[in-house]
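The two complexes that follow have chain A in common; it is paired with chain B in the first and with chain C in the second.
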Partner chain A sequence: MNSTIMKFTAMSACLDPLKLLYVFMLGFVMPIGMKVASMFHGASDSQTFEMLTGKVGVAFVLMVLCLGLAGNSATQGRGGEYLPLIFTRPVTRSEYVLSKWLVITLIGGTLAALQNIIVAAIGYSMGEVITFSAVFSMIVERFMDAGLISAAMILTMLNKKPAFQIVAILSFYIWLAGQTIPPVSVAGMSAGGDLSIEATKFMLSASQYIADLILPTVNVYDLISTKVLSLSPLLSYLSAVTLYLAFAIASTNKREFFYGTN
Partner chain B sequence: MAPTNPESKSNDRSTRVMPQALVLVAALFLVGRITDIGFQLARSSAPQAVQQSIQWHDLPELTMDSNSFKTKQEFVPPPVLDVSPETKQEIDKVLTLSRDQNKYVLYEFYAPWSDPCKKMEATSLANEQVNALVEQHFMPFRVTDRLKQLGKNPRLVTDLQKKYRIFAFPTLVIVDERGETAATLVGNCSSLTTYRFLSRTIHSLEQKSRAQQGTRIGSDPRSTHEISGIVSSTTASSNQTLAVESPKG
Partner chain C sequence: MNDSAPAVEVTDLRKTYKGGNVCALDGISFTVGQGEIFGLIGPNGAGKTTLIGCLLALLQPDSGSVRIFGKPADFMSVRKETGYVPERSDFEHWMSGRQFLEYHHGLAGLNKSTRKRDIDECLEMVELAKSSWDRHLRTYSRGMLQRLNIAQLLIGKPKLALLDEPTLGLDPTGVTVVRNVIKNMREMGVTAIINSHQLDEVERLCDRVAFIRQGKIASIETIKGGTITDYILFVRWSENQLNGSLGSVVERAAALSHTALNECHHDWGRFRVRDHLAATELLKRLIAEGVPIEEAVPERMRLEQLFAGEQGGESNE
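Presenting the complex of A and B:
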């Protein structure tokens, strides 16, 4: 890990007013507003709320935090990116990637966990039943989500091959589509049902399969409350994180940097 | 020969070196994941009993009413909230029973052929804390869809699906004391989401109940003591559970 890279990454994420405004609005104002409204009006929280306080919320926050991560300009914004400056000095590419990943994970995870804690506190103060283990699970899950999504985003941004970026962005959107509705079986259909329903089912199944493959979920709440520990979700998660980081370093190693890079 | 600079060794280190430990760990996890997927595929091909933590009980079943089922060509959509008198009677029975137990009614719209239903049964609905919340506050009824197996559902199941606008399985529906939808959770959600959904809805229903009691206090000549007695009795809990199962065959 390189402390200078970590410091400048944190500055880049935390001192940019536009990034802060986006994170504040999407990460805090919207979900907290929805929570307060639902508590006062006795309404159930929507799927949008579930998404914003879950993995999708983490992804939205990290999308902005990762901006400019692989840029070439040495003067990009406050505490901006400085790849030519770094890579014309004896700093290893892996140091750069791992330092960036760690800081972005910590910042993204902290913001998302803070949001979850505020939402849980609002619910609790208004009489909602919430246990310590549920809050603890939320916090751990948000940090784990941040670790995985930031690794995937770092890989996407550092690998400059257009085909790879197109596939990665498409996969992200397919994953996002799968998050808008949890796994279901469509009702009211006998064998050989309607074509549009079959197509929808196929799309949902495909997006959920892709989601499991590229961004596997670990349900910490299940892990800590079950008597029989299942290692499968953890294995999938760790495998994805380490692979993304290894490929991100390999992709950075292949790139050439010099002061005149544009 | 030029003298050797002691710092040259560290400067000669390539900046493109791959961290061996990371590569090794990534390879190990990848092999582990592929092996695990193989095991899971092998296990899924063998028949497995779904773990059930909630004890479902039966209610009197309504008979299959063939008149209420039409072929696809002659199907005319009925009014969404229209339920048969028999179904209305069953819903009223359920509501009375839940009121007697001081619990809320929780319907699970379930299909035996649905993988998300089976997964939810084995994960979220088997979670101890979710179970504790259900046992404490709810009277759970399972409404099993037989359309795929038998070609049609019993009238009670069809009516309940229409009334609560069910379009997918599994769906959890919590109803208020009038039998109207208080909250709906669609799909195989995680244990935490299910727990939060149940918890929020309990709070929401209790809030509504308190508001209604407050309105009654304003208009009812009865004493505050009597009313608070009603509130406390509606929030008490017990452990009985029931289920709606459609006729077999």
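Presenting the complex of A and C:
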């Protein structure tokens, strides 16, 4: 890990007013507003709220945070860091990738955990029953989400092969669709039609398969409260993170960072 | 750093792009001694910037080798001793000039305790106005960014500096700053390789210059006092009896005296000679061949002439 890269990546994330506004609105104003509204009206939390306070929320926040933080300006001209110059310094490419990953994970995880804590505190102050282990699990999960999603995003941003990027973005959208389909499909089913139900089922199972493959979930609460410990979700998560980082390092090592090279 | 090894040793370097369809470097070999200031000139697309990319190990050559101070170019110990001024750099707009140098000081792995002093020194050396040091880079002009680029080179305290168009976008004062920086580097024994289209700057600063054309080194010239050490000898002769065989006679004399015949007309000729001894030998040979010489005048050669000559050669091909 390189402390200089980490320090300046954190500064870059914190000193861009547009990014801060986006993170503030999507990460805090919207979910907190929704929580307060649902508490006052006695309604249950909506699907959108669940998304914004879970893995999707982390993904959206990190998507913006990652822009400009890792390899956005490999060759020229977008007001970002200039990788050819950085790689002439005594910094290994693995050091670069791992330092970026760690700091983006910490920033994304901290923001998402903070949001979860605020939301939980609002619920608690209005009478919801919230245990310490539930809050602890949420915090650990958000950091784990951030670690996984930032590794996937760094890989996508540093590997400039168009075919790879198309597959990565498509996989991300299918995964995202799986998280947003339920409310849409319910509306669609009420309008009737077997086709809609079959299509939704197919979409959900495809999305579930891709989600398990590319962004495996670890339910930390289940993991710590169960009597029979199952390591497979944890291993699946760790192998995904390791693979993303290993591929990101390998493709960065292989890539030529210079004028005119992709 | 290996004290006896040359600063740069390039052997039979080849580099192609687009799956081997575009040949950027075609078997380049040369050596640069420690403390030498070496220039690269040549037309656009000749392969100069690709060569710099290979020297920095940012580009992987297809074959051949690059050794910096006796070690492969991609060694971390080599990177500690190398500095680079890119032709087209990019800057993080939110940073200030001082923060940019802080970043590079940190990346270079230099001692944190000297950071502030080092940064101030470098910013002063490139004569960047003090009021701009803490301003965001988005407010910098092109020339100010180029000065910062030069400061970024200096902050790493390199033993080998690679400068790709260092005076690009600079006003005359900025050009003077770059000139002084390179002179200081020479005094400190820093080796520098300068790629520039500013031929007068290259002439003024470099000890030797390589002319690169179509991925090959067409010639390497030694420069002294702002001119190439080789010079042109202009020789005028009177109308003579050799009319029919003048060309072959002059050519033979040139070949025997190891000089190059550049131009030959019925009453004068131009020869490229290495030194006075070669010039004397040429004149002797011409006289011996029966050429009635009237006068011989040495003409100092400028890079511009060489460049024009080489370009002409290219267009004739």
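By our rule, the second predicted complex is superposed on the first by the 230 of 262 C-alpha atoms of A that agree within 3 Å, B and C clash if a C-alpha of one lies under 4 Å from a C-alpha of the other, contacts with A are read in each partner's own complex, and residues count from 1 in each chain.
Quick note on the criterion: contacts are C-beta pairs under 8 Å (C-beta built on N, C-alpha and C of every residue); 3 or more make two chains touch, one makes a residue touch a chain.
Bear in mind the structure is a predicted one, so any value in this text is a computation, not a measurement.
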item	value
Partner chain in contact with A:Glu256 - chain B first, chain C second, else both or neither	second
Touching partner for A:Gln165 - first (chain B), second (chain C), both, neither	neither
First, second, both or neither for A:Leu235, with chain B first and chain C second	first
Chain B versus chain C as contact partner of A:Val129, first or second or both or neither	first
Partner chain in contact with A:Phe8 - chain B first, chain C second, else both or neither	second
Chain A residues touched - chain C or chain B, whichever exceeds	B
Partner chain(s) touched by A:Thr48 [first = chain B, second = chain C, both, neither]	neither
Which superposed partner A:Thr217 touches (first chain B, second chain C, both, neither)	first
Partner chain in contact with A:Thr92 - chain B first, chain C second, else both or neither	both
Chain B and chain C footprints on chain A, overlapping residues	87, 90-92
Residue numbers on chain A that touch chain B, as the complex places them	38-39, 42-45, 47, 50, 54, 87, 90-94, 98, 123, 126-131, 133-134, 137-138, 141, 181-191, 217, 219-222, 225-226, 231-232, 235-236, 238-239, 242-243, 245-246, 249-250, 253
Chain C - residues contacting chain A, complex	17, 49, 53, 56, 58-60, 76-77, 79-80, 82-84, 86-94, 99, 103-104, 106-109, 138, 152, 156
Residue ranges of chain A in contact with chain C within the complex	2-5, 7-8, 11-12, 15-16, 73, 76-82, 84-92, 256-261
Interfacial residue positions of chain B with respect to chain A in the complex	10-11, 13-19, 22-23, 25-26, 29-30, 32-33, 36, 40, 109, 111, 113-117, 119, 123, 127-129, 133, 145, 147-148, 151, 161, 166-171, 182-184, 186-193, 195-197, 199-208, 211
